[in-house]
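Chain IDs A, B and C follow the sequence of writing; residue 1 opens each chain.
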Amino acid sequence: MTALRANLRVIGALGLRAVRQTFRRPQLMAPIVVFPTLLLAIQVGGAGSAIHLHVGGVSFPHVDSFLQFMLAGAMMQSLMLAGNSGGIALAVDIEMGFTDRLFASPISRFSIVLGRLAGTAALGALSAVWFLVIGLIFGVPIEEGIAGALVTIGLVTLTAVAIGGIGAAIALRTGSSSVVQGLFPLIFVILFLSSAFFPQNLMLEPAQTIANYNPLSFIVEGLRDAIVFGFAGSEMLDALLAVIGIGCVGLLLSAAAMRHRVRTGG
Amino acid sequence: MPAIEVEALERVFEGGVRAVQGVDLEVAEGEIYGFLGPNGAGKTTMVRMLTTLLLPTGGSARVAGHDIVREASTVRRSIGVALQEAALDPLMTGRELIRLQATLHGISRAEGRRRGDELLDKVGLIDAADRRVGTYSGGMQRRLDLASALVHEPRVLFLDEPTTGLDPVSRKTIWEEVGELNREGTTVFLTTQYLEEADQLANRVGIIDDGKLVAEDTPESLKAQVGRPHLELSLAAEVAERAHEVVSRFGKPLPAKDGKILVELAGGATEVAPVVVALDESGIAVESLELVQPSLDDVFVAKTGYHLEAEEEDTGEQEVEPA
Amino acid sequence: MAEAISRLRPDLEMIRALIARARNELVRVPGAAVPGVLAPTIFFLGLNGVFGNLIQLRGFSADSYSSFIIPVSMLQGAGFTGAAMGVNLARDMERGWFDRLVASPAPRWVLLAGNVASASIRSLIPATVLFCVAMAIGAHFPGIDGLAIALILVMGMAAVAACWGSMLALHYRSQSVAPLMQSGMFVAILCTTAYAPLALLQGWLKEVARINPVTQVIEGVRQGFVGGVSWADTWPAFLVLAGLLALLGALALRELRRLAE
């Protein structure tokens, strides 16, 4: 129990550092929140007519507005950028030598990663709240009310941590912030190939098939349930399973990368 | 006509930081002028103003006969600059870099090639000329920096701490090259925080502290102004205060250095024995003592009240323990 | 005329040397250029795959969304390339390399022109990759005239982006402003008829696209891909780029001259 409490204290301290770092540098936060917001505004204006689309018997889902549909996708984009930024921050710590200082301390290795992910969780929660407020301001009601809002914030936060685990793994393995930064286009590829920005049954092939199996699609549909359609189907469960799946992958990769770093020193 | 003329030059940064405060100086053609001072004294700010990288907020200066503000582009044609950071492109080869510098000075391609190779050979980099600069050692980078500052045969060469961070062998190499340049007629304005560098190289030394020029003369004259030798005594810490009272009877106490007590001896070496006897009679054991002739550090202490040499330890230089 | 060219020769030689130096990043750092080259193609494929069925909406002027959207990705590639040159300039400033250039007698405009020219030339690389991929998935061939106009406009857009990035780099003297460089271009290009024709745009975007000068550039690049080339669709695009280049170039030059303050 003493060891657990000690680890939790360390995670808390490193987490607080990560959160302070994140919020003290507006230029790092801005792309995570501002960029997806801009893209949301542009896509709503540019592709908003899509809610009238009928193609081969398939219609656009029943929504009050394209914004209502897109909100979940914008949150998804934001949390992925948050996860990536956590990886970048960890890589910068490695480049600066700060991680060596931590490795040389009598703390659990994994608390270093978990502490960093606390900052990512904070960013994830912030982005969820931000987009919910944007939605409310521009007339998007949350179908499941307060419960829906809380579930949305929780799911976004968890997903940000899960994605952050993968970012952390890459940071630990490469030790290079420019490599982690270089994943930025990849984030968009993965998002495009999901139902984040458009209903998957109205996408062109092969994007449609990929989106059907993309775990991010399940997460986005879970978020849409809370905001648009209500907790009727199994989408929320599928979303949670997807998050757990991504989280496990991130955990395994981080552990392997950590072992490699400790063993080889780089 | 002086190579450099500075009149009441001043630079105040945002927030009221007065990095250079009313400096007056002149550097004659063909001279090596050493600008000595600790970190933050204003040396780099001074160099950046004289090389037109920074505008002064007061006063004026002329380099190679041209005003640094009104005739900045003409000044740039007459100067060579090697700044505090070697500031080289790691992806370029040494040869490419020096040729780029030649092109930026309007030298034709053929002539740039010829001069570039000549300079690379002169600084001992001809064999590494086609290697990327990122693979060069610190000393090699400094030599390349120096060579590229010379490709257009400048009248005045500005060197901002050219040997900071270099090992003693590389440092000596740079000194030799600077000395040779000067013998060939180049005026050199050199900033440094190393006393030995100023002592070895400079015809005249200007000491800057907190943005102000506090002394200026040849190294010999400056040392002669301070004049007197001093005694350095290593003692146990618990007797230091009593020892201080004893030695004060023989001469002017100086600021302590590295835990040693220092006292100026008006009569020089003849006063060493009486000091030792007095300490012995007071029951104070002396671990070691050394009679030190005046140095530029003494000049620095006399003008500023603190040692410049303590700053040298902060730059990461390692003292070698005697065997 | 000959005299003017002769006087300019040393300056042109300096610009050539600066372009050669900028080329090193592409040639000597394997993989460094890959994200910048591939990103526009990735966005193109993504946008096409996601929004491709928008073409079914009444009012679309094209019969192929890939043909409609290719100019957006081409110009995004130009924007990213130009902004990347701004980031490189900021990095050069942080490392002290730029001091070396500024302390030389090279005219200030030459230092800027080297950066801008590099961006223009470099922008052809992602544009070429994108064009090949677009043709492979069935986008319409724009004709030689349409392609030539498109590529010249892409180069012009890269030059504008390089001026924008350089202006920010010279003002803030830090790489941390890189997101502003990139997103500025991103927004300028997307707040146009990027996704759909003007008639199908909604709300605020419709009004912004109407007055955004970059819309003219998008339409200028698009014309060959969705129909025929006409002078009426061409001259506004060139005029807009000339105007933006003049404005942002002047601002960047002003920042360069103020560097010593």
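Heads up, the rule we're going with is that contacts are C-beta pairs under 8 Å (C-beta built on N, C-alpha and C of every residue); 3 or more make two chains touch, one makes a residue touch a chain.
Keep in mind the model is a prediction, meaning the values are calculated, not measured.
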Point to revise | Chain occupying the most central position, where position means C-alpha average | key: C
Point to revise | From subunit A, the most remote chain by mean C-alpha position | key: B
Check your understanding: Whole-Å distance, subunit A centre to subunit C centre, using C-alpha means?
Key -> 30
Check your understanding: Any idea how many Å lie between the Cα centroids of subunit A and subunit B?
Key -> 54
Exercise for review: Could you put a whole-Å number on the gap between the CA centroids of subunit B and subunit C?
Suggested key: 47
Revision key, fill the gap. Contacts with two or more other chains occur in subunit C at residues none
Revision key, fill the gap. Check: subunit A positions touching at least 2 other chains come out as none
Review point. Once bound in the complex, which stretches of subunit B touch subunit C?
Key: 51-55, 72-73, 76-77, 79, 81, 83-89, 91-92, 96, 99-101, 103-106, 109, 132, 148
Point to revise | Footprint of subunit B on subunit C - complex, ascending | key: 10, 13-14, 17-18, 20-21, 24-25, 28-29, 95-97, 99-107, 259-261
Exercise for review: Report the residues of subunit C in contact with subunit A in the complex, numbered from low to high.
Suggested key: 35, 38-39, 42-43, 45-54, 56-57, 176-177, 179, 183, 186-187, 190-191, 194-196, 200-206, 208
Exercise for review: Would you pull the subunit A residues touching subunit C in the complex into a rising list?
Suggested key: 27, 30-31, 34-35, 38-39, 41-50, 52-55, 66, 182, 184-185, 188-189, 192-193, 197-198, 202-204, 206-208
